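The structures come next, written out as structure tokens.
Shared between the two complexes below is subunit A, which has subunit B as its partner in the first and subunit C in the second.
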Partner chain A sequence: MSRRDAVAARTDRSTPPPRPRHTSRVPVALLLPAALGLLFLVLPLVGLLVRTPWSTLPQRLTEPGVLTALRLSVQAATLATLLSLVLGVPLAWLLARVEFPGRRLVRALVTVPLVLPPVVGGVALLLVFGRRGILGSWLDSTFGVSLPFTTAGVVLAEAFVAMPFLVVAVEGALRGADVRYEEAAATLGAGRWTTFTRVTLPLVAPGVAAGAVLCWARALGEFGATITFAGNFPGRTQTMPLAVYLALETDLEAAIVLSLVLLTVSVAILASLRDRWLGSR
Partner chain B sequence: MTAETGKPAAVPAFGDAVLDARLVVDRGAFRLDLPLTIGPGEVVALLGPNGAGKTTALRALAGLLPLTAGHLRLAGRHLDHPDRRVWIPAEQRGIGVVFQDYLLFPHLNALDNVAFGPRRQGLSRHRARQRAARWLTRVGLAEHARRKPRQLSGGQAQRVALARALAVEPALLLLDEPLAALDARTRLDTRAQLQHHLGGHTGATLLVTHDPIDAVVLADRLVVIEDGHLVQEGDVATVIDQPRTDFVARLVGLNLHRGHADGHRVRVTDGFHLVVGDRHTGDVFVAFTPSTVALHPRRPDGGTHNTWPATVTGIQRHGDHLRVQLAGPVAVTADITPAAAARLTPRPGQTLWATVDAAGTRVYPATPTPRAEA
Partner chain C sequence: MTVRRLALAAVAMAGLVGCGAGQTVPQGDAVTGDVTVFAAASLTEPFTRIGEDFEAANPGVRVTYSFAGSSTLAAQIDQGAPADVFAAASPDTMTTVTDSHDHDPKVFVRNRLVIAVPDGNPNGVSGLADLDRPGVKVALCAPQVPCGAAAVRALAAAGVDLTPVTLERDVRAALSKVRLGEVDAALVYRTDAQAVAADVDGIEFPESASAINDYPIVVLGNAPNKPAARAFVDHVLSDAGQAVLAAAGFQAP
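Moving on, here comes the complex of A and B:
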């Protein structure tokens, strides 16, 4: 868009017939709480930046504890996202493309972890995958595998909480995609699996990517389910949010630095999604 | 049943029809029941108004919609036969489809769009692309092989879609309003090219359209359906010359009335007769072109046979003259010259006198047997 176009677009937006509401004064009863709300949301972040020990930041960041927690967080969130992709994309496809009895119920069940307090999720995971859990005891006796309080447990807890984000995003993308492309693929000799991999998936790739990013961000910040199901062992299950919480009791500056790292990652994710979700509205 | 236009090779005999079908689809209030046979190399145009069941028929043939009853046999193979519990899914039918808005895969370039079908037939990626390149060359788009669909013009996209459908070497090619999405100028070029490529297709072709010009230029035979049922079938010249329903008559721009003939007089409604040129007896259709209808401000003197008062209900531009819709004892359309229009200044609601010269009418029997085609 050239500069003149941009100007034209801006004037276009402001030229439609005068709307009295825009020109008349904003009522104080609305303006005041709005400003307070904005302040409330932004001030803590500013506080974080103000209190950041900038001079010692480089060496703080390279402390082994920070790096270990960061690496574990990124690894676990990435593995949880991969797990969510492998299981969540087919689930989303099923919900979007196949008529089956109880589909609405299944869709509702998928979204439960979205609203469930993560701690409750952690307890529920313990009851199923714990050493005495329904599946956990079987896993333990058959394979000698125990999930709670392991890195695998962290991945599981994060996937449990984050996968619904991916499923909801991908299902939305699938519903928005034109089914007739799939019909065209069928007339060209493609079976359902080939159609899914060669046509459907590429068509909804942006939606899958956005869902994966959201899922990853949610997994990265996961706290409640992780600490309940996987505990808080440095190097094994202590992810960044857990490290922040722990550091807060002993070393405030360390907590601030860790928080800053998470804030940076969050803002980076927001920026990567901006074009897709914020820019288009 | 003969095909007499354009294509010398297309003279199918009944026995060796590539497609032999009776398409029955029940969808609640709507029922499609259409017998359909197409010979090798023959192009059949399926014509009908919106909601007549054209798309339903196409989807049933393509395998995107199961038949409720009837049968569908292509090149000797049963594809859908509910009574015998035979159902071959779309991907195993070998039927090429050119969709109305082409549905080129947006993430693949033109070459890979065309190679998609051959690849599914088990060709290696390399061989599939070779075949796709040959088809793109045939439709004159070799140099656009690397372009994504959004970088193609409407006419180019249409040709890629045609190449994609033909690249699977289908026994039956289905074209769904293949030119509807194009502007008038592109449509002319693309239609001519389509005619060329259809001429080279040895399988059967079904063209779904509501455009009579597409049908006339591209098809050997017309099948007209209304409300799910076959209303007229025959070679292009016959159907256009002797329409049997209002839809076809409007399509080809004829006034059509059904009546009972007794010599030169045809009773169209109670108390209204048309005097016609030819002698007939029994149920007949009377057809005359809008330009046969003359309009007068007052009752004309002299011995014109068919004269009646008519009320103007609509006026449209039609080429270089005006088309006037008239109500009266019979509804007709009249084409008048700008000079006549200046004299009459027709307005909706105005009453004029319409006359039709008996010599300008065509009369043919209304019996449903397609005698006129013999």
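Moving on, here comes the complex of A and C:
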């Protein structure tokens, strides 16, 4: 937003400089539900911290499975986010900028993975990319490629669930962006591709970044589609959420430690990226 | 549907009346209210059936089930889930619940592993050693859940050291990988293979004898409805209940 404000300020001299926001007089009608909302989101975290076995924490953290699962989680979530960026940004652009019949339907279809229970998403992926799947059987017979039970399968499952977050965020940013800049670029002779890369993308960069962060976070926590489509094998497809689930079967404290590791790493990464991409405000 | 249900209920009633005199129904005071039963996922079909029979025999009672992995259920009970009865797929899991209270779990059935393969057994699997052949994809349960622990024991007894493609979260998930054709075989309980006999063949193997799972059942210490919970457990242990369980492929204890 601040970027657009700056652009607007530069182009229109009469615009007053942005006023500092007042935080002193917050109405109680907003403050109370806001505080309750925050409490509601943070309390479960407190619950985890209270039950954390702090005395045995160091030795639990150095158990071999923990780092393996963490590394796999971060790698898979990052790859899934990259895949979502490559496919999702153009899709968002199409939905925001191009009129075509059935656009509403396509827009609704994009959000299907958001409402689909992830386990069902995993089964659906198996029916398409599995060994007997519509595409999977062809991939298997032609290239000898089998996606289920592989790390690539984890990436695929995570991207399926997480990409809609990116598409929705980027499309919103595109619809909020001023098309006059793109039109100006076009009148100056820029083609659609040049306009997209030189004008549109920089304009919605904060939206893309926010969408990517959301997408990455969702991919990192993905459980249902991953365990259904990619299975669970340490070092290959067992991500942190899967490790947490199975630890929960026998050892609550181990599950809490794993959850805490996942939370710490994700919050640290998200906070640092947010500062870099969106500017700390 | 209704007619079939009525018929079932009638049969169940007859069965109950037959054995009720012996052990099941305490005379006089009829049990009422809700009974919440937490039961291992592998008990889904027979317990649903037993619940219908039990409700038919005790008109004032309603049975509610939560079917899931035994360990998940045990964790929920430990965290204060309001359950009356717990039926687990392994004594170890039961121990985690009964430690802190004063209970006396009873083993009510046994289950053993079979090799589940797609209908018609296209790979010609006849024993555990066949699962170690190159190109044969196998799903096992994760060692943290009872069917996985049983699989580890059976494979050790057979001296087979195989690498599965996946360690599934419960026996039904392992079985569904066979049904979807994603794996060539999975080690599952005989009862689970029997429940989907149209899609899956269950192949018995001798080493399963060293991996027999006892299923204990207990009335929980803080059960909200103890009388009905006791009546339910008695019904499971009765001849009528055991007949339903045997039909599902379980062995008597």
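The working rule: the second predicted complex is superposed on the first by the 220 of 281 C-alpha atoms of A that agree within 3 Å, B and C clash if a C-alpha of one lies under 4 Å from a C-alpha of the other, contacts with A are read in each partner's own complex, and residues count from 1 in each chain.
Rule of thumb we're sticking to: contacts are C-beta pairs under 8 Å (C-beta built on N, C-alpha and C of every residue); 3 or more make two chains touch, one makes a residue touch a chain.
Predicted, not measured: the structure shown is a model, and the values here were computed from it.
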Query raised in the report: With both structures lined up on subunit A, is it a clash or a fit for subunit B and subunit C?
Result: fit
Query raised in the report: Does the superposition put A:Val199 against subunit B (first), subunit C (second), both, or neither?
Result: first
Query raised in the report: On subunit A, which partner's contacts cover more residues, subunit B's or subunit C's?
Result: C
Requested in this report: State whether A:Arg104 touches subunit B only (first), subunit C only (second), both chains, or neither.
Outcome: neither
Query raised in the report: Is A:Arg25 touching the first partner subunit B, the second partner subunit C, both, or neither of them?
Result: neither
Query raised in the report: Is A:Thr250 contacted by the first partner subunit B, the second partner subunit C, both or neither?
Result: second
**Report entry** Which of subunit B and subunit C A:Ala190 touches, first, second, both or neither
**Finding:** first
Query raised in the report: With both complexes placed on chain A, how many Å separate the closest C-alpha atoms of subunit B and subunit C?
Result: 49
Report summary line: Overlap of subunit B and subunit C contacts on subunit A, residues none
**Report entry** Of all residues in subunit A, those that touch subunit C in their complex
**Finding:** 123, 126-127, 130-132, 148-149, 227-228, 231-234, 237-238, 245-250, 252
Query raised in the report: Okay, in this complex, where on subunit C does subunit A touch?
Result: 69, 71-72, 75, 78, 137, 139, 142, 144-145, 164-169, 173, 177, 180-182
Report summary line: Per the touch rule above, subunit B residues touching subunit A in the complex are 62-64, 89-97, 99, 103, 105-107, 116-117, 120-121, 164-165, 168
Query raised in the report: Hey, which residues of subunit A end up touching subunit B in the complex?
Result: 178, 180-181, 183-191, 194, 198-199, 202-203, 205
